[in-house]
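Just dropping this structure here.
The first chain written gets the first letter, and so on, giving A, B, C and D; residue counts start at 1 in each chain.
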Amino acid sequence: MHLIKTTDLAVYAGNVELLQPLSLTLNKGERLTILGQTGSGKSLLAQAIMGNLSESLHCEGNVELFGKSRSLSERKALWGRQLTLLPQEPWNALSPLMTARNQLKETYRLVRGLAESAARTRTEEDLNQFELQAGADKRVDQLSGGMAQRVAITCAMAGGAQVLLADEPTKGLDISRRDHVVGQLKAQAADGVLLTITHDVAVARQTGGRVMVMKDGVLLEEGLAEDVLSTPQHPYTRALISADPAKWWQPPRQVFPEDSEALISARQLTVGRGDQALVSGLNFTVHPGEVVGVVGDSGCGKSTLGDTLLGLIPPHSGLVDRQKGISAHHWQKLYQDPTAAVSHAVPLNVLLTDLVQLHNLDATSVPALMARLGLSETLLQRTASEVSGGELQRFCLLRILLLKPVFLFADEPTSRLDPVTTREVSQLLVDLAREQGCAVMLVSHDPMLIEKRCDRVIQLSA
Amino acid sequence: MTQLLFKRLLQLLGVAWGVSTLTFLLMRSLPGDMAYRIAAGRYGMDAVDTTSADLVRAELGLDQGPFRAYLQWFSDLLTGNLGNSLVSGMPVVDELWHMLSHSFYLAMAGVVLSMLIAVPLGVATAWWGGWFDRLMLTLSTLMRALPVFVTGLLVIILFALELQWFPVAGFGSVSHLVLPAIALGLSLAAVSNRVVHNEARKVMQSPFFEFARTKGLSNWQVLYRHGVRNLAVPVVAFMGIQLIMLVEGVVMIESLFSWPGVGHGLAHAIFARDIPVIQGAALMMGILFVLLNTAVDIACYCLDPRGGRLQ
Amino acid sequence: MRERTLMNARGLGLLLLTVLCVYSFGTSFLFAGDGNSQNLNHILSIPNAEFLLGTDHFGRNMWLRLADALQLSLFLALACVLTSVVTGVILGVLAATRGGWIDRLIDMLVTLIMALPGLVLVMIFASIAPGSLLVLYIAIALIQWVEYFRLTRAVIQRVDTSPAVESSRLMGFGLWYLFRRHYWPVLAPQLLTLAAFGAANAVLMMASLGFVYVGIQPPTAELGQMIVELFPYYQEAPWLLAQPLLALALLVLAFHLCGRRGADAPD
Amino acid sequence: MLKVISVLGVAGTLLLSAPLLAEPTKENTLTIKGQFEFASLDPTRRGYVFQRMQVLETLVNVDSQGNLTPGLASKWEVSEDGKAWTFTLQPDVKFHDGSSLDAAAVVNSLNIARAKPGLMQGAPITGIEVLDPQRIQVNLANPYSPLGAIMANYSTAILAPKAFDADANVVSVIGTGPFTAYEIAMPHKLVVERFADYWGKKASIEYASYLTGHRAESRVLQVRSGEGDIVFGLDAASVPALRMLPQVNILRSDLPRVLSIKLNLAHPMLASKLSREALSLAINRQGIASAVLRSPESATAQLLPSYMSDWHIGDTSAEQDLKRAESLLLSEGWQKNSDGWMEKAGQPFELTLITYADRPELVTVATALQDQWKRIGVKLNVNVTNSSAIPSGHQDGSLEVALIARNYGTIADPLGVLIKDFGNSSGGDWGSMNWSKPAIQASLGQLVQQNDTAKYRQQAQQIAKAIYEDKPLIAIAHYVQHTAVQKEVEGFRFDPYERSYYLNEIKWNR
């Protein structure tokens, strides 16, 4: 008997089709991964199966669970007990004011119906098994992204559900956390069914089982993980796989001798926010045109270092000495979330002309730069909320290039972008450094990306 | 926490001093001869004449410059004596005690009533929505469109005249407190029930509410275990803001229901230029305001420690 | 669906406001006669051809008097809101960006004003120059700017830490540019809502003053005062009391509807 | 201090009616709703509430026609030279604390009252002394006939010795009246309880409560809801509606109080008699009386009511005559300017009238006046402030016009008040202002010694005529008081001199 069987399951917003009719079956012990870029209707599939689509959408087709086709209300009765969903941002999904331990115990007591003492022991078992004791008595906002995700998984499974739908389980996590989370998913859903939805090829490879590749709500390719990922048939799948940094071409690294012209250097530098010091004893020099990578776990002080170098916050101790005689607006920063770094009030070209007028730059070089960055004139008529993350990041780059910067601190510029755009934007950064002799410090939690793009790496330990 | 308390204590002293001095300056800048006004307050509006005004001026030493009067008042304040009312000669502390206790009962009754109306209504409208929500929205907007004394009159006409359940005005027994509390409670609830509605809707549409549901908890369990606490934070914070609106209503309702509260008393003290009473009342209200605000801030912090350290 | 109800709520509000404005300002041009001229042997009459809304307890033409009262309320609401918005925003920006002792100083002043009940402060001001509408307007504006100050400071403190502002600062833009591109677009919608509720409160505050016989000297027509004067006749001539009540309710309702944006803002 | 009073009140009850622990309940308490607060325990300050609720009594009482009748003093005689009044006290009168009333107690209470501001300071009293345990004597510098009426005023109420503390402040209201003070919650509420050993007619109802209701609206609503057994100070506007209530009687009573306009005769525009005549003629007294005061027959052009016959002159008209008024002004040299205001030598005929909102009808009458004077081109600005603005405006000469409600019945014989208001050239706070008429002022002074009733009447008529013609004060209407009495209350009668509610004559008829 199939645990999950959907026939022509489709999702519509009014009469616009967001997800093409899709039929799939999953038996006990099987694993399926839906792979595709963000915003391709993947999570709608999970919500359609689960039955918690938002009011404005409706779905067609039939959903069979545990061998019997279930209406919406019947599926709701299965929530937690047979069928469970792991939502995208786990740190928003856990109740903000309750400790992790209580949220877990609550599920055992109320969903599993265990007595108080039995629920407590089962909770302790889970906490030990998944090494969650450290964050057990903390609130969600005090947990790291990885820890919050793992707590969410245990809570979701505590109800004894056999079918686990995991929506983007590794989004925003560091590489080391990612493998840990995928391992836990596979362990907990061992004797049931695991349907994973992700944009990360490595997660698909690690989960194994079958893979479905989707783009804009359309199923492109399907098959066993090993076959599809090693010999992709569909061109989109091939582009998706080759976007993985591990597959990028490795350019020759430029070496800058010690005595060559120093742009900015740190002497016994300690950086921190407020009264809490994060990293100490930093000594390095950055030369014009050099691309330096900065790697470290999230929260280890990467962006704090950037702000200190740019003079936005004072160093705790030690010295940052910059080359004299360079005006302030030549030291620039590229942000992780482009939508938060640009004003949404006016169209992009207005922002551009503001900048040109402020420093009365020569606007003649703008068209060439725009072509180089793949930005069309019509795109600039729109405001920041009407363009994609990738386009907006390229617009930020355009503004920075206009200022002819000597130093650019790029703080995880591609973590929010999908793989294909990540490759283009990171390549643009390297070209900027080489052509304009501008020093670039590139921050990322993906060591492979840093490996393929930077001349040398600064490792920040937690 | 202690750092907060110390800071708020300083603020308390500052506000108490500031408010009473502000009222002193304002009252002293009012036109008309104070002695006459106090005489009118003492002997009644028909019997006030120059001889009684001169006697009052002599008795109370009103000829002394405002600065010396202020110093005199300030030195008394340091010894904890708020002076005597110019009109009745009674110690200000006693008059204020009588007025403040009554205003306190009315305010508390009003707030409790408004919460009893606003919270269930807000949550229900957020939960069901649809026509019920629209009906409550129009009702509360209409209620907010009326000045408080009109609400008071409607409440009297309905409960006291038609139904004869409660006395129209006066004080002394609990039954006297009911109608003013209903009038005040309704005017407050008209605003707070929409705030509760919005906050409840935000909680019900939040991801943690959805995850608790998909985790297997029933609607009621989620609302009870997660919804209430997360809802309490913004609602308690709003109660801090509503304090200011509360006092407006209290002044109106007290004069309509002849409730001997501080709002009503202050209005008379202003007309009769009874400066010590006004200063004393302003002092007490300033202190009460800071204390209540601190209490609300602490309550918010305990409910939701995420707000970082208390400033 | 949400967007549509929002639009027609605000549309209804604006429509109501224009109707009231047309009635109040239009009447003084179109209709001759003066709202204050009395006719003591023709009091409490039922609305008829000559007196469209009947006559009040002095025999004055209610149609004209209500128009004058609405004019006064509209004018006062507009003046109070404008003054308090301008003062509140300027001081808010100053406190949020300069911070330090300015912030503490204004904060102390704000706490002082909020500690005293607004109505009592207005009463004291009103008795400084009895009957002058200027003093009334100053007093009400003095109380209301506090709300805008607190909103502006909170919004700017929040927006100031956003990457967009940091990036603009890095690019060399000044405070005025930050205000125009970053602060104002976030502030404007919330200010509009607060201004609408502020206007409503100004009108209600003046009406409450009429209730305690402060501020308004005869023969000025004011909605609150009219309600108080006509209340004793609620049995004899209910249609008279209904007019100022309805006018006040519609005016305040119009302001509230204009202020509606998605969530009903707590004032 | 406050808590002490209520404790004392409670203790009083326990002491007096120890067997049955009576408590004021809805059934046994007569609820009275009044207009005015009582700001202190001291009768010299607004003590009328304690007198009306019959807690305190005075030596002399007044009947409804204004004649003096025996109170705590059974009889009194005046010496030939009119400089000594001897009062004989009622026999075996008990104070509320059980002590008996004797001459020493009365003299002590009167001397304390005399030291404080009050009506006694208007009289030329040189001393008050004990003749024997039952008789006291008041010595005067010169004869003063209104002394008897002063002894009927609340400020001369008799308190027991224990009522005062060391420095003569009143700490507890211990009087001789048919009711004792059961609970006092200053300044709004007073509950009184029946005093078993009262010397006169004992009360039949057990408790009575007096509550101050500032708002005319709430008092009207208390009548409608039946909560107020007796409600005073009903505003004229709501009377027609209240008459329709089945369970309530609305009593209409004339008061010796008059609504009048006080003019500052030193003001250039008000100096000439003809201008004042014009202003008086412009007033539509009939319209104001019927439309604003809702009592058509209260319109009058004279200060004193008809039942004070000596002071009431016959041939006076209260008609409005706009044409004649305008012609009078034109004859005075005023010309109407472009926008309708009278003007002379560039100066518009503009006056500022002050009045006070404590009496709501004053504001409405001022509004009516404003419109009526506008018809003859006189621009009247109305400034509603506090009643004290009138005496202070009189003193510093800033007062131009004032609308006042003057009570000529505070002392039974109006002579005392008239002397105060018109007795000298600078006038009185509530009387004339800068009206110098030496002959009239002199004859007013002599009337005090005039015992021959015929001569008294002839001089009084002469004075009244001069006031009517010269118009230092322009009368508009005399006061009509409306009181609502629930049908279940029997035996209530209204005292025009507002000295007593006669609670001891009231019975329930349920």
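By definition in this document, contacts are C-beta pairs under 8 Å (C-beta built on N, C-alpha and C of every residue); 3 or more make two chains touch, one makes a residue touch a chain.
Everything numeric here is computed off the predicted structure, so don't read it as measured data.
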item	value
For subunit D, the least number of touch steps when starting out from subunit A	2
Innermost chain, where centres are averages of C-alpha coordinates	B
Chain separated most widely from subunit D, comparing mean CA positions	A
Between subunit B and subunit C, centroid-to-centroid distance (C-alpha), Å	22
Inter-centroid spacing, subunit D versus subunit B (mean Cα positions, whole Å)	38
Rounded Å distance between subunit C and subunit D, as computed from the means of their C-alpha atoms	43
Inter-chain centre distance, subunit A versus subunit B - centres from mean C-alpha coordinates, in Å	50
Shared interface positions of subunit A, touching two or more other chains	none
Multi-partner residues of subunit B (at least 2 other chains)	153, 255, 271
Residues within subunit D bordering two or more other chains	217, 385
Arrangement of touching chains [line / ring / star / complete / other]	other
Pairs of chains in contact (touch as defined earlier), listed by label	A-B, A-C, B-C, B-D, C-D
Touching residues (chain side subunit A, partner subunit C) in the complex	310, 312, 328-329, 331-333, 335, 337, 340-346, 351, 354-355, 358-359, 396, 399, 403
Contacting residues of subunit D [partner subunit B, same complex]	1-2, 36-37, 39-40, 45-46, 48, 117, 121, 169, 185-189, 211-215, 217-218, 221-222, 224-227, 356, 358-359, 385-389, 391-392, 394-395, 405-407, 410, 428-430
In the complex with subunit C, residue positions of subunit B that touch it	11, 14-15, 18-19, 22-23, 26-27, 29-31, 137, 141-142, 144-150, 153, 191-192, 194-195, 197-198, 201, 238, 241, 244-245, 247-248, 250-252, 255, 263, 266-267, 270-271, 282, 285-286, 289-290
Complex contacts: residues of subunit C adjacent to subunit D	36-38, 40-41, 43, 57-59, 130-131, 213, 217-219, 228-229, 231-236
Subunit A - residues contacting subunit B, complex	50, 52, 79-81, 84-85, 87, 89, 92-98, 106-107, 110-111, 139, 141, 152, 155-156, 158-159, 161
